[in-house]
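Presented below is the structure to which this report refers.
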């Protein structure tokens, strides 16, 4: 079992495109990546209940790392934690990592069997390749 | 005249969605945001010539701040600089800021008339709201 | 707080939000993303529909249902914030105690402080008035004054904070809707 | 370096890339995003088309057109890298000098060092062989050995670096295509 990844965004299109970009790094490999993005009517926004459902869906026992786009998405994700069973909540990490850059690194190490801490740490290093290239 | 913004991504869908999300913060305000994203045939990739054209299109004299998704997008953007007229190149800043988070802050301060340095600095602070919320 | 009173309060709040939808959105257009009116209107419409569909057994159930609906349907930062307000109110016996608990929930959720130019600046003064033994109408007055006091402030939380100094000179959308929440309370709660 | 020789080199490289497309993509599938074969094949097809459409006046024009086409059409990191290689070759008079200039362009562009498990590990040894006065065939042999030497390495640049230790045990896709570039040179350049 691998750590699950959850992408929380105001924009469904953004979340789906970010996941597509990241999944490129998993040719032939499996990984659960769930998306909670946009409002029910297709607009821009986040939904704490949808985040909660996405976390439960992504959690296969090894926990999840949740990446969010903006501050208000963090509020929804933090609220989502309240609606989770205790055990699932305890193995959920909300990450301040850059959404797109962090996701690419996170899926690679998660698919490689890393722990939740390792996946979150890799996401947190998401800007490093760009910084190294621009140095 | 305001500083122009350029979004370089491997994914056209990702770039467009990020711009839509950021433009939400500009109700009724004008700002030039150009996108160079994806391969000609709609696949995932970057194109240095397209980046170069986007920078020229976004530059109204006050220069541009260029945000990129991943390390290879940085390579394309750096290559794009070679194909720009000297004056345009000199007022182009390639930023290592988080693409989505940095873009939202960048468009707000650019639309407010900030300098290129200020826009780039704001983009660089893109993770701060998430970090503050998760502290 | 009877279930009926609370229902009346929520219905009136939904009405006021609907009436002031464009004004709230215009405020959010000046210092945010121009959706606060639409967000809250969508949220409160969903709350009324949810309460209609399955009438809650008691006040606590009603408040929890309201909070759970708002965190899901509003879409913006105000969703988890108003949602948490109602969820935390569910434990208390009196309106002042409930609003105070809700306020503390908002503070914990949003990490804003008084003066950050948020709904906190309308909600805090209302709680203080109630705790000082004043009437709900006086609390609504305090919330309105708190809303007005956000005008000169520079935002330090939420989307308006991206604007820095440029956020000064406009009332905060969330403080404005919170003043409506207290106005609705003054009109419906004893 | 005559224009004709360079044309023949590029045509043979395009052919080899096309033949090894699936192999290059399979290598990139192990430690990257499974597109290196498709990327380079698309790029070299575009190069041949561009040269066909407007035959360049001289060797420098040919190399510049090749580089400019690759930076546009390849899509992946190898686009700006191979593109820069050809763009920088345009200034030099001999193949060894040109390849050395291109190599330095790749180093400057990608900031990789020898041993980072990139195309640099095939290109560097080829340049060294040529500069030591050895034949193009010997340079191609050096590139192939450089490619093989990437197998045990842990990637420190490009997408493969996301895999950390897991990137060891596979040849680098870019080093593999660079070995093909030198093989093509050995077959076409004197």
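Should a chain be cited, it is by its letter among A, B, C and D, assigned in written order, with residues numbered from 1 in that chain.
Assume contacts are C-beta pairs under 8 Å (C-beta built on N, C-alpha and C of every residue); 3 or more make two chains touch, one makes a residue touch a chain.
Predicted model, so just to flag it, every value in this text is computed and none were measured.
J.: Counting C-beta pairs in contact, which comes out ahead: A-D or B-D?
T.: Result of the comparison of B-D and A-D: B-D.
J.: If you take the mean of the Cα atoms for each chain, which one ends up farthest from chain B?
T.: C
J.: Using mean CA coordinates as chain centres, what's the chain A-chain B distance in Å?
T.: 23
J.: Rounded to the nearest whole Å, what is the centre-to-centre distance of chain C and chain D, using the mean of the C-alpha atoms as each centre?
T.: Chain centres of chain C and chain D, defined by C-alpha means, are spaced 61 Å apart.
J.: Just how far, in Å, is the C-alpha centre of chain D from the one of chain B?
T.: The mean C-alpha positions of chain B and chain D differ by 30 Å.
J.: With centres defined as the mean C-alpha position, give me the chain A-chain D separation in Å.
T.: 36
J.: Would you please write down the residue numbers of chain C that are in contact with two or more other chains?
T.: 33, 35, 159
J.: Among all residues of chain A, which ones touch two or more of the remaining chains?
T.: Residues 10, 24, 44, 70-71, 75, 78, 104, 129, 132-133 of chain A touch two or more partner chains.
J.: Under the definition above, what is the set of chain A residues touching chain B in their complex?
T.: Per the stated touch rule, the residues are 9-11, 13-14, 16-18, 20-21, 24, 44, 68-71, 74-75, 78, 94-101, 104, 126-127, 129-134.
J.: Taking the complex as given, what residues does chain B use to touch chain D?
T.: Residues of chain B touching chain D: 10, 39-41, 43-50, 70-72, 75-76, 78-79, 82-83.
J.: Going by the contact rule set out above, which residues of chain A touch chain D in the complex?
T.: Counting only chain A, the residues touching chain D are 24-25, 27-28, 104-105, 108-109, 112, 122, 129, 132-133, 135.
J.: If you look only at chain D, which of its residues touch chain A in the complex?
T.: 29, 32-35, 111, 159, 161-164, 166
J.: Help me check something: in the complex, which residues belonging to chain D touch chain B?
T.: Residue positions touching the partner: 33, 35, 39, 42, 68, 71-77, 79-81, 83-84, 87, 109-110, 158-159.
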